[in-house]
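The structures come next, written out as structure tokens.
You will see chain A twice below: alongside chain B first, and alongside chain C after that.
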Partner chain A sequence: MKILTTNFLKCAVKACDKSNDNFPLRYSGSECELVQDPSIEFNEEFMTNIMDRIDWDAVLSVAGDLGNTNLPSTKPLLNTAEQLSEDDLAVLRDLHVLLVQTSIKEGTMTCRNCGHVYYIKNSIPNLLLPPHLA
Partner chain B sequence: MLPTPYIKCDYDTVYEPSEDSFLLLDTLEEELPYLESRFKNRLSVVCELGPGSGIVTTFLMQNGIPSKNQSIYFAADISPWALDATLDAAKRNKCEKSYLEPIQSDLNRCIKSKEVDLLIFNPPYVPAEEVPAVPTTKEERDEWLDLALLGGTDGMVVTNKVLDQLDIILSPTGVAYILFCARNKPEQIVERMSRDGWSMELIMHRKAGWEVLSVYRFTR
Partner chain C sequence: MKKKYLVYMVQVHSNFRRAELESLADLYQLEIDFSSYRDDSPFFVVELEDDKAASDWIKRSILSRAIYEYWGEGDNLHELHESIRGQPFYEKYKSDNRTKTFKFEFESYRGSSKANRVKQIESFSYVEFQGKIDMKRPQEIFTVIEEYEPISDNLPGTVPIKLFFGRLIQCSDRAAVEKYDLKKRPYKGTTSFEAELSLVSANIAQVKPGSIMYDPFSGTGSFLCSGGHYGALVIGSDIDGRMIRGKGAQHNISTNFEMYGDSARFLNVLTMDFTHNALRRTLVIDTILCDPPYGIREGIKVLGAKNPERFIGKENVEIDGTKAFARRDYIPTKKPYSLDALLDDLLQYASERLPVGGRLAFWMPTANDENIETIVPLHSNLELRYNCVQEFNKWSRRLLVYINRGSEYSGNENIGQKRSQANFRDRYFSHFN
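Moving on to the complex of A and B:
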């Protein structure tokens, strides 16, 4: 599961929808096995559009869970009116590596509201609930 | 005509691409100009609920729908067999470069609200006494397949869950394509959804054996 996908996943428990703690899930840094796929090419337009779309606080939270505390505390502002500067491109390339090239192969994610633990196995996140919670 | 993905999987566990799947592909092809104008030059989050064999999501990736190199594809299925099949279909059709994320999930339950720009749903629409229970192990092969077909009363129990959530699933500019059979009584659903402020438009319909299938487009 690509790190960018964490920006779209919330806890599946209905009652947690009323809480603000059902997103993002908390990823266990010690239990997550990360893999890198350098063959995924950098796509400037895609990354620029991603910046518009992503919840930066959630990116910070997940990156922090996984031991990456080097990100700026506010979402980098790109000057998209003109050609992107070298600095902007460097930011986007870094984020491409983190969000698109990096995946969680095995690991756990936990709802910060109800504490339910979900598993990622063979890169596929499983957000099915057991019958008593479904 | 756009190419159709090559699919090969174990049809004891996942739904074999049939008339309904092909009707969806034809609908999406016909809708290309509409989708292109709606999603031009921007990022699109695509979500297929219940991809089964993966034929529809693979078709979208293969043909760069709705926005070429600018789409994220979530394939959310309750069945582990379907997720395997979807990944396999993507590989067979050389879609490794697309952003595809198979997610084991009960419909959209784990997808953050108001994020989906393009929703595709070919539901379990066959009327049945009830929607079968979710198997507890992967080995209950027939049971997983039943889950892909049987939709309870009027074949609408699962589809209704999605319709009730449509507002929460779709982004403000989002669009959904959902397939129905005549026994789902889609004309009654049109009435109900328009009362809630939805525009529900019939895009394509086709006779398939003794069944009439239709695909509707939902927008706000």
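Moving on to the complex of A and C:
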């Protein structure tokens, strides 16, 4: 599961929608097996689009869970009207490595509201629920 | 001033062809007059602003072949020449192309000519092109497009009944039908959707580069491939994890994307019940494109217990000191669900998650032989824009395309009502008798 996906996933339990703690899920840093796919090439336009879609606080939260605390505390503002600066491109390249090239192969993610644990097995997150939570 | 262009189309899936051309025109904000469009003709002469508009419009079309700058037409070669020389733009086109390198091509519809092509090309000498002929990389390609009338079902015609002449502006994206052909795909399954119509579906759904497309019943990922081809970031989910996992490391959805070179745009497939959705509510999903389960291979299922009383207290069962439901190998129980209810949920989800103007497109099967009107699901926020039918022998399926118009739209609604008269699965297995 690409790290980018963590930015889109909340708890599947409907009752948790009332809480603000159902997104992002908490990732177990010590148990997560990470893999990198350097063959996915950097694409400036694609990453600029991604920047519009991501919730920065959630990026920080998940990166922190996985032991990465080097990200800027506020979302980098890109001036897309002009050519991106070298600094902007450097930020985008870093995020490309983190969000697109890095995946969680095995691990768990836990709802910070209800505590339900979801497994990531062979890079595929399993968001199915037992009947008492469905 | 607008210019005349000729679109040369394929004569298959004519129920989908106009929807595709209209959707692509809308995507590029092109005003096109469809009043002379005919389902039974492969030719469509239109007026457009410039070559760029023509190229934008046709470059990702699947059900057309190409678009040409229109030079003239006739019922035979002589009339074609007369027509070309009589056009008001003839002298201008002639001088525009005077020094370009070029070649001639022939396209034939429903027949083939035995005439001497070199002689035919020489009959165009009056255009006085002075550029070099270049068969490999010409600056311009001039094409004679011929329509024949077959002599009988088995005998193609040999003398054209209609000829067009034009300068090639843009070939369509029809080569993608070959590229995404299921025969060449490393991982596919019994429910994989054919390449041609899944690409057409993505066009009618207006999948855009840089947008997010979601397929809630992704199966082996056929629509995800089409969405990725048109540049969207694609997310899929399916309640059946077996389809997603595939058949080992070299045969799964992800290896398909690697082969197509679209890996960056493939976000993930999730093992997830669409009706217990885990995509955050603030995530804007631009397009939803899917082929919902008809319940033919197995019944439609969602999370939950069929007999809830049997599961009372099961959440407290422990195995080796861990709650059974919290273990890595736990498999949750599922219960049957109706197609009507599932489609209601899909329309409701689309109305909540798509931006205004965003499209929901999905396939729905129906039996043909009953004299019962097919009732298409409707939601008050969604405009039903297209209902394109593909006929088979005893059943048909249709691509339904909705546009989210927001809560002010207040269209007709039939959500929550029982629409299907007979279970499609039962009808299918009784061979529609």
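Note that the second predicted complex is superposed on the first by the 134 of 134 C-alpha atoms of A that agree within 3 Å, B and C clash if a C-alpha of one lies under 4 Å from a C-alpha of the other, contacts with A are read in each partner's own complex, and residues count from 1 in each chain.
Keep in mind that, in the parts below, a contact is a pair of C-beta atoms (placed from the backbone, for glycine too) under 8 Å apart; a residue touches a chain by one contact, two chains touch by 3 or more.
Here the structure is a predicted model, which means the values were calculated and not measured.
*Asks:* Which partner reaches more residues of chain A, chain B or chain C?
*Replies:* Larger number of chain A residues touched: C.
*Asks:* Touch check for A:Met1: first (chain B), second (chain C), both, or neither?
*Replies:* both
*Asks:* Of the partners chain B and chain C, which touch A:Val117 in the superposed model: first, second, both, neither?
*Replies:* A:Val117 sits against chain C, while chain B stays out of touch.
*Asks:* Report for A:His132: first if it touches chain B alone, second if chain C alone, otherwise both or neither.
*Replies:* second
*Asks:* Should A:Ser73 be classified as contacting the first partner (chain B), the second (chain C), both, or neither?
*Replies:* Neither: A:Ser73 stays clear of chain B and chain C.
*Asks:* So in the superposed three-chain picture, is A:Asn20 touching just chain B, just chain C, both, or none of them (first/second/both/neither)?
*Replies:* neither
*Asks:* Residues of chain A that sit at the chain B interface in one complex and at the chain C interface in the other, please.
*Replies:* Overlap of chain B and chain C footprints on chain A: residues 1-2, 4-5, 8-12, 14, 17, 23, 40-41, 43, 45-46, 49-50, 53, 100, 124-129, 131, 134.
*Asks:* Can you list the chain C residues touching chain A in their complex?
*Replies:* Interface residues on chain C, with respect to chain A: 209-212, 233, 235, 237, 239, 241, 244-245, 254, 263-265, 267-273, 276-284, 302-305, 308, 311, 314-315, 325-326, 328, 330, 332-333.
*Asks:* Flag every residue of chain A that touches chain C in the complex, lowest number first.
*Replies:* Counting only chain A, the residues touching chain C are 1-2, 4-5, 8-14, 17, 23, 37, 39-41, 43, 45-46, 49-50, 53, 55, 100, 116-117, 119, 121-134.
*Asks:* Quick one: in the complex, what on chain B touches chain A?
*Replies:* The touching residues are 42-43, 45, 69-70, 72, 74, 78, 83, 97, 99, 101-106, 109-113, 115, 134.
*Asks:* Touching chain B in the complex: which residues of chain A?
*Replies:* Answer in residue numbers: 1-2, 4-5, 7-12, 14, 17, 23, 40-41, 43, 45-46, 49-50, 52-53, 100, 124-129, 131, 134.
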